[in-house]
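For reference, the structures are reproduced in the following blocks.
Next come two complexes, and both contain chain A; in the first it sits with chain B, in the second with chain C.
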Partner chain A sequence: MGDVISVLTDNFDEFLAGFWVTVRLVVFAFAIAMVVGTLVAALRITPNKWLQRLGGVYVETFRNVPLLVLLFISFAGLRRAGVDIGPWTAGIASLGLYTAAYVAEALRSGVFSVSKGQIEAALSLGYTYGQALRRVVFPQAFRTVISPLGSLIIAMIKNSAIIGVSLLALDDLLKTARVVQSRTFETNETFFWAAAGYLLLTVSATFAIRSLEKRYAIHR
Partner chain B sequence: MKNARWALLLVLVLGLFAAACGDDDEEPTGGGAEPAAEVEEFPADTTMGRIQEAGEIKIGVKYDVPPFGFKNPQNNEIEGFDVDFGKAVADKLGVEPNYVEAISDNRIPFLADGTVDLVLSTMTINAERAQEIEFSEPYYIAQGRILVPQDSDITGVDSLGGTKVCTALGSTYEATLKEQAPEADLRLVDTYSECLELVQNGAVDAVSTDDVILTGMIIQDDTLKLTEGEPLSTEPYGGGIKKGDTEFKEFVDGVLEEYKSGGGWTEAYEKWVGQYTGEEQEPPTMTLEEAIEATS
Partner chain C sequence: MNYVFNPDNWEWLVTGNNARFIFEGFLVNLEIAVIAMVLSLIAGLALALARLSLWKPLSVAAGTWVDVWRNLPLIFIILYLALSVPGSWRNAYEDTIPSWFPEGLQSGRVLAAILGLVLYNSAVLAEIMRAGIQSLDRGQNEAARALGMSYRQSMRMVVLPQGLRRMVPATVSQLITLNKDTTLVSIVAIQEVMRHGRIVTGANFFGGVQAPVLQVFLFVGLLFVLVNLALSRLSRRLEVRERKRTAVGTVKRVRGLEEQAV
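Our next item is the complex of A and B:
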């Protein structure tokens, strides 16, 4: 047990730096995922067939390409094509856009949980389509999707570790653990702390989601 | 229906035919050796005599480290500096060389269990390994160097401050660079091919590791170059021989001595290294004792 503690205390600055990199990756990627995911979900529920298709193409593209491949394309691929993209931008954009596809699907299913009659009622009351979505559909849809969105956030936090093993070479929590391991050969102790770091993030996310669920619970 | 069955049969026959042809390509490597004019006959109870009896010497080489030991994608032959030296050893015995892939992890066990008679796989001599196997005298002195794009301003380890430098996670170069270039921004990846990608697409400014691996990168991409100046570290390569077989070690040392003095070494150096780096190098004069000293 003494070893476990000393691995953390001896390398605390490095672990903290790695943890902070992971936190920043996850926070920015989450912001992108929510914004883009909401836009794509909106496309998928418009009455316009072409816009629906556009949203569908987005979801199918980003949901069907492995995250690691997206990272290669967005970093090595774009750089080869002459775009001067940095590892931070490539990492955050890939993780965010990838997660956005799942967010869009979760939101769409939330929207379909609102009965069609409500939209028709809103439209017949003189709301425009956008107003009907904003004022009637989305507030209700968001409530039903809080729980699935929570699962997506937890999955995204864990997926962020893929950035650390990719050729983006960002020193996130997992990468930091591997560097410390290669220096100390304390394999179990090092990865124990990496796991603890991810757990800290996912548990915090879980608590945040719980409190949101309580606040916006639908009382039926 | 009948047509379909015939088509299926045809496909099967063609497939078998193709497979048979494929097998032909997998013939043992290193053919075309002409027996040396005068071959010394060794007593049957020595390793040399046993190899002569078998008619082939099994040599463990790398398959993925150009230009020392690698599979040429054009003809599937194993080629490189290590391979050429192995051929010299085989010629001296009047036998065929049979190259076996030996990665860093398994090459020492291969010697112990007799899978190979000799290991020539970019193996750095050090005291730890010298406990497990016999080393030949150093046959090549690799050096820790820095690879940069042709138009780079980086001139050596002193100008790495503030630049991004790629090397492999867990390699000795991680510590070497932290010590010699503490201001450099280290980018650690799993393999050197990732480092090559990063320096090619401009995400890092330099790559640092053995000059041998870096030369392999220059062979693939001649817009890269090595910086001049003092090397970061010295990595003497030695041939690996089964522990306790000093007769065979002395034989290999003898072949190496002749290889160096007879011009074979210089020829191989020019063919595999010199023509890509534009540098000239004398055959190594470092002794095994000095090598163990230098790396411990």
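Our next item is the complex of A and C:
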């Protein structure tokens, strides 16, 4: 037991720094995922068939490619091609664009969960299509979308662990555990604290989402 | 864009053994995926049933187990197991694995990879299955019990067939995720598609052509997209056929049912 504590206290600054790197990765990647995901979802619900198809291709591509492949393409691939891209940009962009496909799907099914009569009623009241979406459909869709978006944030926290150990220049929580482990050879102890860090993030995200859900619950 | 489609940058694909080498690596991924899928589905069902057990200690234990493993990053689990699985286990694995198994799976390193994939995915699948079973109207179980069926009979003949059928789409998308996640085992030095890709880009490997990283991994990505699209098509077809065969009513909203596999 003494070992467990001392591994944390001896390397506390390193662990804390790694923890913050993970948090920052997730926050930035989530911002990208939301922006791109919303755009793609918008493409998929436009009346234009070609735009719909474009959105569909985005979703099917990024949902079916392993994140690790995206990381290789965006970091080593672009670098070899002469693009000067750093590990942060590559990591955040890959994780963000990957998750954007799932965000788009979540938003789209949220919009479809609003009954068709709602938009028809709005249009017949003289709203334009854009106004109807913005004022009638989106506020209702938002509620049903909280829970799937929440699962996506949790998935992002977990997926962010891939970035550090594959793009060697980024010391996130898992990479830090790996570094401390190779120095101290205390495998169980270092990974115990890294697990605690990840569980702290995923479990607190779970509770935050549940309380949000409760606040915006639909009473029907 | 010019760089991406420049024929010079694709020459590696038709030179020497490069393409074949990549395919061989990809095959290892598929083999690992199939084994992990089968084991995860079995373990997942067992965990789901344990979690729904009427005996409190068992259901609490299973619930904690599931919550811990599905909330940890998969790559974390694989890395940890690779560092901590004792050598004697690896040797035992190498001794017991049948010789007709694919060559890529003979190494003891695969044990940590498969264990990690199964620990994580069985927990996720257990949660999906639990949600499917709980989304079923309680009356189904009550009616079965009222007809004199035992708990087991009711589970096996009434609750499970209906509950699990509802979870087919969520299960398939988790299996697709599992398929993608097999690339993570490259971190424990298993010679699969990512490693093979890196070898091809490393030096003038086959046929004296150095492959550009971007193109190699675009190609690898394409392989995954094709296989995963085929998987999801297949499941959609199954779903349509099932829906024709059995009229499925509306599904109650249960936590986890809408959960997305990423």
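The definition used in the following text is that the second predicted complex is superposed on the first by the 219 of 220 C-alpha atoms of A that agree within 3 Å, B and C clash if a C-alpha of one lies under 4 Å from a C-alpha of the other, contacts with A are read in each partner's own complex, and residues count from 1 in each chain.
Definition applied: a residue touches a chain if its C-beta (ideal position, glycine included) is under 8 Å from a C-beta of that chain, and two chains touch if they have at least 3 such contacts.
Only a predicted model underlies this, so the values are computations on that prediction, with no experimental measurement involved.
Participant: When the two structures are laid over each other on chain A, which of chain B and chain C touches more residues of chain A?
Facilitator: Comparing chain B with chain C, the partner touching more chain A residues is C.
Participant: Which holds for A:G56: it touches chain B only (first), chain C only (second), both, or neither?
Facilitator: neither
Participant: Taking the superposition as given, does A:V165 touch the first partner, chain B, the second, chain C, both, or neither?
Facilitator: Touch partners of A:V165: chain B and chain C.
Participant: Touching A:N64 in the superposition: chain B (first), chain C (second), both, neither?
Facilitator: The second partner, chain C, only.
Participant: Mind working out whether A:I73 is in touch with chain B, chain C, both or neither, as first, second, both or neither?
Facilitator: After superposition on chain A, A:I73 lies in contact with chain C alone.
Participant: Applying the touch criterion given at the start, work out whether A:R178 contacts chain B, chain C, both or neither, answering first, second, both or neither.
Facilitator: Both: A:R178 reaches chain B and chain C.
Participant: Between chain B (first) and chain C (second), which, if any, makes contact with A:I154: first, second, both or neither?
Facilitator: Only chain C is touched by A:I154; chain B is not.
Participant: Between chain B and chain C, which residues of chain A are contacted by each of them?
Facilitator: 76, 79-80, 165, 178
Participant: Once bound in the complex, which stretches of chain B touch chain A?
Facilitator: 166, 169-170, 174-175, 187-190, 194, 197-198, 200-204
Participant: Provide the residue numbers of chain C that touch chain A in the complex, in ascending order.
Facilitator: Going by the criterion above, the answer is residues 3, 67-68, 71-76, 79-80, 83-84, 176, 180-181, 183-184, 186-187, 194, 197, 201, 212-215, 217-218, 220-221, 224-225, 228-229, 232, 255, 258-260, 262.
Participant: Quick one: in the complex, what on chain A touches chain B?
Facilitator: 75-76, 79-80, 84, 87, 165, 167, 169, 175, 178-179, 182-183
Participant: Show which residues of chain A lie in contact with chain C when the two form their complex.
Facilitator: 60-61, 63-70, 72-73, 76-81, 99, 102, 105-106, 147-148, 151-152, 154-162, 165-166, 174, 177-178, 181, 187-188, 191, 194-195, 198-199, 202-203, 206
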